[in-house]
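Naming follows writing order (A, B, C, D and E), and every chain is counted from residue 1.
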């Protein structure tokens, strides 16, 4: 068997998995941005939905070019985040988390009830326009952006707010502004990922961005580790691939696989204190 | 008018059910500030185990109830020991504990699936006797009244317990500052374990009552109430026991009144969550939450 | 590649249901039904007949996992046909993959619109609500003189939503007045606000589009709230499960259910299926099990007609050509649109049993 | 001998914050521990309370080896620490803070003790139902000291008790310390105000960078030129 | 010239009146002390000055500009930095990172050159880092630069907080009990630092209970009691003021 054949074979079976890893990584990073400013948002799944619906409606009904639709989706999610962010970001900790979650629920229920979003059945058929290179280019750009952001004024402000918001204020950091910025950047990345996902799957349904989807993004972050931007990517990669890995090694489908899945998640949390990144970085603490 | 009255009763009742779920939840989540996402799984298992005891072990519900509640409490100890205690000294203990509890919830749910199957099941029809009263066009059942009363009693009892009992104060001290609590001679680990026990026992008991009333138990029944339970705790104010119940009733009423006033239920949950959202904006620490004390 | 010289060629069939996650309760009985059919077929095939090699898998009730399973079936296991997935949401995505790879796929529980329109490789044996419901409404109207109804449906699931739309259309066609439309969400257990509202409107009947989890709760709470038995409750496929009767208890009596299958249908194949299934799994089958069971036979029939398990295109053609095949569902055919075509039944619950009252 | 510490070593990861320190505290004595910032004083007290793990050495309390004893049992034995930086239970009321100070004690007499504390520090009475976190820094410090006393300690570990207190109140705290000694309490004192603490102490130890550098009677250390230079001084 | 003018500041907390009509001013380039019994309202006043708490009534002029309604971040950007009585560091950051974060107002660190990997960005980082290191050594923490703030001892934390406040080169530095938890030698070091800062033209306003520190350092001292100013004056007059002795100082037995 030549290598090329093996590769095409592998890609035929796992191509979509790889794409999902890319999309889920983007989603995970979208939450990472807000977490890096110390804010736990459970609204990012909803932002992905907003992006997905925006882009889907544009390409399906208005024949807008895909790239334009992607930009529109990104901007739309960002705009909603700005409007939502100012009132909501006064809240702290779990209050913020629940308020964003409430926002997500409202978006989900609206999507169920609106005509233009296709109701419970979702919006379909959305043209399949997303290709692997787009996902991974976006991921690379976002990753690079995050890596650079860290040492910029914005990055330091995020870190200060995360560590102690009161002290950050006293140092002249406009916490409202920076928190909204983090929230908005996160929403934009989520919107982009949502739009790409809709154009990969032919469909977007309200069920895709409920509570469990929002929590899933948090799981990616914590399992991967939130010390650096690629932590969430590692988390998303492992957890997206895990069912396939279990399938591959022959763990029988159904409750057993689900249980093993949960068990592995538990083990990672218990034995890798700083998430998967601690396997790759030198600094141990 | 009777419709409206009936709707109010419906709202108070479903609100009490949310509150019942939330009250055990809030002991660990609101008071200790540990978000235990396996609570919904305990709720489910409590109901399923009681059902199993009634159906397969042929116990009377009066025996099955306390047994299943006890078992739920023990599950709480397991959750604490497996998902939380090992992480307690990590800097990111809040989030990692949250995730490990999700992992446990997945394991529990898969166990429930494997053991009890995926079907929706119910307690045998005559497990308990239920009276139905129809007064002036308003329907009310004895089980409804019992559930509301139990919720009210639990609220009063737990509030007293936390405020005045020694163990209650110890729980709050641990919640405030673990290190100080240790220095004051509080056995922090056993206080936390104890809290988990109570919380999960209450969660399991709520699951049994839920199953008895609604006659529909399934391995995923905790999922839909979990979200509302969380919302209710935060709405009521973290750490406030009356808040959990009253928040539950407020949430239940907002659901029901949407239907009653608009005549349709399409946007019921959207309205309920919008109300939650609005209340949080007006009162950033919930209805009964204490405000931020001085920071500087 | 055709190593078809062996005496007993194997047909690889991918079978994917939601065995965990939100739809796990359907996936479980579907899997049982399919398993039973596979076992029977393989036992009957003997030494020379075509055997089925099933690849069972779980999509965890999510489209993403469904896609992964389909890719694995098609490109990894090289299956000849696929049965599943459980949910329409998932089928919307996965069936496109099958279509693109020219592997026939047979849905055994998807009822949403637009699925078979994905392409000529997409089939389903599940009678959509749009077929079942008009008949139900007509019979109910004739039999009980129903002229005004209230509707209650789950608006966040494709299945219940499709049912609602079919009911609504049939009601309008039959000139039945709709007093109000109420909704609930998946996982709801309390329906009293909606039912209180409905009660106040005094309808002749309540038309419900719900899955079995919610169906029994709705029916018992309606009666508990004092909606009299004279107000009929009319349900669809979702009600057609033994656990509905078990969970609703005496409140189930009098409920009218239009469905794609009846456990009491006299058809001998069906009688045998119910008996064998109950013996094997300890519980009587529901409609999902029956449709999955029938699905395996349908695919097998097509494979036999195609003469080889290794030519998906031929299997597709054979599937499209199925006409009046004997099945547990009745005389089964595919329409030109590859949807199921057979007679639906109207049942009433009497003394805790489904009784066929019309077709 | 109430407290006997032998070759105690405490480390945070690779860094040994306390290295091979031995000290003892006579029953009924006041012993002062002085040393610069980061010397390991707080670390040492925490090791005595059992809230941080010990790497080496052992601790005897009234002859009993308590090296491995858990913190709540040490409290039950009568070793009470008033921690650095107050650590009041901010969300609980002032009264509840006092009550919980007596957690390991029988219930009787708690109310009377609270009254006594309130008499000493009137602010604790005035703000009895206010959340402890709303008090000013110095008020919280008074609460922390009072809370420690509520436990009826045998050995009191005071970590910077005068932190943030106004001069008058500092004076009062030292009065309390001597008064407690007269009642038979044993006290180990870490204090920023070295001059005053040496004045009330019987014996003193000086630690620097985690190691013991000097010990002796309080009187002797007070006249030690090195101690005068770095810890006592005359003016700024 | 008065850099800071406090006019008639009153602050209520529910029933508690923490500040009641406080008036005084802080001169440019001077070291001004604020003393008073526990609970007198000193920290509350500092919170109001820095914009962390709004006053119930009254005005504050900072170099002639009315700032009492501005949010804390705006006040800080006018050149005011502070420390906290109960120390608020960025616990998981190292000491040097704390100081670098403190440079927020003076360090621009634009994003674009970074995205384009321009060398100027790295040069800039390097400069800021050196600057932070210099600030750390001013408070004697240069050899703790890579230690996380959460593992510092109490006294070290205090000093790091001062360093972080200095990082933004404020015109007015507000210190809340800067030498709490320090012994004689360390107190002298901080005193020395404050003197140098004043020499460089910085105005310092500090709260402290360590009398020898306050008396030796401050040119003017304001005394608060029960939310009201008892007196403002030179250390000498203040320490002899009978009210001050009665309410605050007492008769010092040890010296």
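By our rule, a residue touches a chain if its C-beta (ideal position, glycine included) is under 8 Å from a C-beta of that chain, and two chains touch if they have at least 3 such contacts.
Source: prediction; values computed, not measured.
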- Message: Spelling it out: a chain qualifies if it touches subunit B and also touches subunit D; which chains qualify?
- Response: E
- Query: Based on CA centres, what chain would you say lies at the far end from subunit A?
  - Reply: D
- Query: Roughly how many whole angstrom separate the Cα centroids of subunit D and subunit E?
  - Reply: 28
- Distance between the CA centroids of subunit A and subunit D (whole Å) is 50
- Item | Geometric centre distance via CA averages, subunit E-subunit C, whole Å | 73
- Of all residues in subunit E, which are in touch with two or more distinct other chains? 43, 52, 84-86, 88, 92
- Residues within subunit C bordering two or more other chains: 19-20, 155
- At least two other chains touched by the same residue of subunit A: list those residues. 109, 113, 166, 254-255, 258
- Can you identify all of the chain pairs that touch? A-B, A-C, A-E, B-C, B-D, B-E, D-E
- Task: Spell out the part of subunit D that touches subunit E in their complex, as residue ranges.
- Result: 12, 34, 36-39, 42, 84-85, 123, 134-139, 141-142, 160, 163-171, 192, 194-196, 199, 229-233, 235-236
- Contact footprint of subunit B on subunit A as seen in their complex: 87-88, 90-92, 94-95, 98-99, 101-103, 105-106, 109-110, 113, 166, 211-212, 215, 218-219, 221-223, 226, 254-256, 258-259, 261-263, 265-266, 269-270, 273-274
- Query: For subunit B, which residues count as touching subunit E in their complex?
  - Reply: 91, 295-296
- Item | In the complex, subunit D residues that touch subunit B | 49, 51, 70-72, 74-76, 80-81, 83, 87-92, 96, 99-101, 103-104, 131, 133-134, 147, 151
- Query: subunit B touches which residues of subunit C in the complex?
  - Reply: 19-22, 24-25, 27-29, 155, 180-190, 192-194, 196-197, 199-200, 212-213, 216-217, 220, 224-226, 243, 246-247, 249-250, 283
